[in-house]
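Here the chain labels run A, B, C and D in written order, and each chain numbers its own residues starting at 1.
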């Protein structure tokens, strides 16, 4: 079921690390694309790391100069690039130097595969993001986007936050826990999985709530409709200052009585995969499903 | 947000146990409905257990004689009645003698609440069922419906079946496990919950696959779209004869090379709740979410 | 099997909160003991909170003035008092104002039970503590004791520490996780239980290692002999500064290359229970084992 | 820390399968031992499968003819051989044709390692077994031994047994569950691990109780002293006939009101390992602890 999609004409290359393999791959891709007469554009930061001088553009202007963003690095690099791409409706292709990831599914030596993608032989997949607005009294004081998950965590050690969870303004429960992971299907194989959450097929319009070390053992992971509005209200008698993070990046401290309102982000991430991509194959590989872990 | 729905004019009463409390409640409801001049109809089996003589109809004909089926008993009784009701598009109200259940949410003494429901003050909710077709070679040899879950289990002790799971004809994994639970959101708080599955909001169009005692520890619960076709293929080298069950009722033995195709049932169960019904309140109550299980 | 033990002649009363119920109970116990002509002693801090003037002693000198320490408060108060008591080989009885705890099993109104305990009708139980030495290069720079658990946690958000675990100098594994809980049997029903650890009978000479949100899903809780030496080596390439805590109290930051050596504390906590105490009854009550959480 | 132990002079070879690789290995070991002038003895069943004629002895008489039993096959073969060996106090060495197991840790081509073992360069390790006596009224009607675990299971589908658990005649809890796994430390990495039990170091004198799909979610795995007497009482109102199995072999049906008394077997299994054996290395390898299962 090979489908022919629009081809990609102008490419942005992005790499977020100084590590040699990333640099090597950027240079190899640069040469490959230039040989094909394909225009290549860089953001200032990536350009500054290259060993040659090249013009670059502001990261917010990438979409005006390209129709595909190729990110060189692991899943972490792709998560960072995703937010920039989503804001500009730019599709993203991940090229991984190490072991393939959940989000990056091409090796840099697979130039034939990359060429095929550029020629329109690819799968395009939308992954939704979460958006979290932080309300203090009646004002939004911050907004956080996440491809994988939003996490409410305690400050340092004091491992217990009390908060109230509501779905579409209906009270769900009071939670006493180390925190709460709110994950997209994409994030269901990331931090939420370590916390006991289920694997959620990426196409499902659902989000997973995983209480972290809850005081009440029956506070199990909960899967709800991704169109729901989720409210988390930090109750006023907490004596610690929790904070929230998005995709593993610490964002801000939350005060008592603050409210978090989470909902699906209006714009999705457009992930580009080679034609051979298979989500379940990635699961089988990353989770060692071919192994038999126990005896007898 | 009290909505006025169509009222119910003719009621079928059903009870599946000889136990005194069930009989008492049936008689009390009979008197209550008769006093209101509301026609009451019984299936033959329920009628045969009543201490008075009364006309009854075949269970397959209930819908021709009533517009609401009231089931007296626990969640188990409601599960049985549900299949009859679904086939006839008959809405179902559960009246519970013991502790309230996940599916039965009125106590028999709450006659005012029952009266309100009959008058159109209720919430109507659709819950989807699973349908499982068993293919031997190319023929469907059996079909099983379930409100909660379909379970593939080993015969007696030999605790290991090998089977292949496919979603929409895409290979997911080979599983070596005691079995597999395939649960609806309704069933996510039943057997699947004991097996480590997540709680899934009833309105979500999703099904949960919970491997039972898998050999590979990373074979975690998987949530997929309920519109998917799920295929389970019993591989040919199993030396045991597994069987399938629906909602806890043993159904049939599966032979090597048989295929199970599961999908959403075409007709939903129409559950009737009082206006005060709140799914999350049921969760909080059944799962003791107010308790704090651990010290410190 | 009521055994007659030595009676208690001189009592220390301790309460760590200003909350009214704690104060009321301290005063009631004071009166009760004084009426019985039983000498009562206070540490300076407890005495300072009482509404009457009374002589008090340094907390390190309690054992010279009493043969039983009665702690008024919840499990948290008892954990704090335990360390003082262990250092002085002083037995401890917990009197709880709220719901009974895992460690405090007398209500303040049960004066007859308290009297029976003083008269020698009690169960004495030893619970072992963990001791953690922090080595920097070759020096012990800190020691931490814990009745429940020692926890290695990341600083704030960066949820991933890399460390090496060794048992009796044998390499167990490299862990990439949010942290590690090392719990005594007493602590197995506390934080470790929320993290997926098993319940360990208090009399068992074992400790439980519970990896927190491990990257590798098969890093499951591990139960080892409590006489083992457990070494945790923070590998040198961590870019965060983890810290350790004992019984929920933050203790200190750990630097890269530090080693933690954990072993059983030389002195146990002597817990005094009334004759009617039953560990399994506590479990049944705290964990709601009489409830049935799921439907069908 | 290479220790020199007594050497082994006379060897019994056992293989329980007709599969070619097992036969090849038996023949290769036969030749290897014969060349060394080491007497080899066979039980009748193993001998009957060999392609050459050879004298054999009754399986119950092996210990009179040898001082080491070498089992060729996987963990399953070793479990079967273990019971024969334990009855005769015969040490056991496992040689595995496939992937190494938890119990079999030599490959057949490692003849130098086998030679070293015979010469006394080995680790000897005692693993305790469980013994389960089935009482009907006041009589023992059956006894079952197990190296890994004793399992109480329902007959076929009816997934719910009610039973009472007591430790040293103290009531622990009433359980409503699919069954109960009672595992030794050796068995903690087998069936019990799939059921959510912890990994228990083999040297720990403890047993693990893992409730299978319990109705009450807080019925978590419980670790108790292996010297305890564990009683399981099948309550009289069960309408199904559960059965017990040992090490995956179905043993017998249990009637209502039967009692199971489990305790440590008087005689241990003497496992022989090569000097290089390392329990934690086995864990790391079997459980893929080097993998990183999740993204980010």
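We take it that a residue touches a chain if its C-beta (ideal position, glycine included) is under 8 Å from a C-beta of that chain, and two chains touch if they have at least 3 such contacts.
In this text, all values refer to a predicted model and were calculated from it rather than measured experimentally.
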Touching chain B and also chain D, the following chains: A, C
Determine, using the mean of C-alpha atoms as each chain's centre, which chain is farthest from chain A. D
Between chain B and chain C, the Cα-mean centres are separated in Å by 45
Suppose each chain is reduced to the average of its Cα coordinates; what separation in Å results between chain A and chain C? 40
Chain-centre distance (mean CA atoms) for chain A and chain B, in whole Å, is 37
Which residues of chain D are in contact with two or more other chains? 191, 193-194, 196, 215, 217-218, 220, 248, 287-288, 291, 293-294
Chain C - residues contacting chain B, complex: 75-76, 79, 101-103, 148, 189-191, 193-194, 217-218, 220, 247-248, 286-288, 291, 293-296
Per the touch rule above, chain C residues touching chain D in the complex are 167, 170-174, 176, 188, 193, 196-201, 203-204, 206, 208, 215-225, 278, 280, 283-284, 287-294
Provide the residue numbers of chain B that touch chain D in the complex, in ascending order. 151, 153, 155-159, 177-178, 191, 193-196, 212-215, 217-218, 243, 245, 248-250, 287, 293
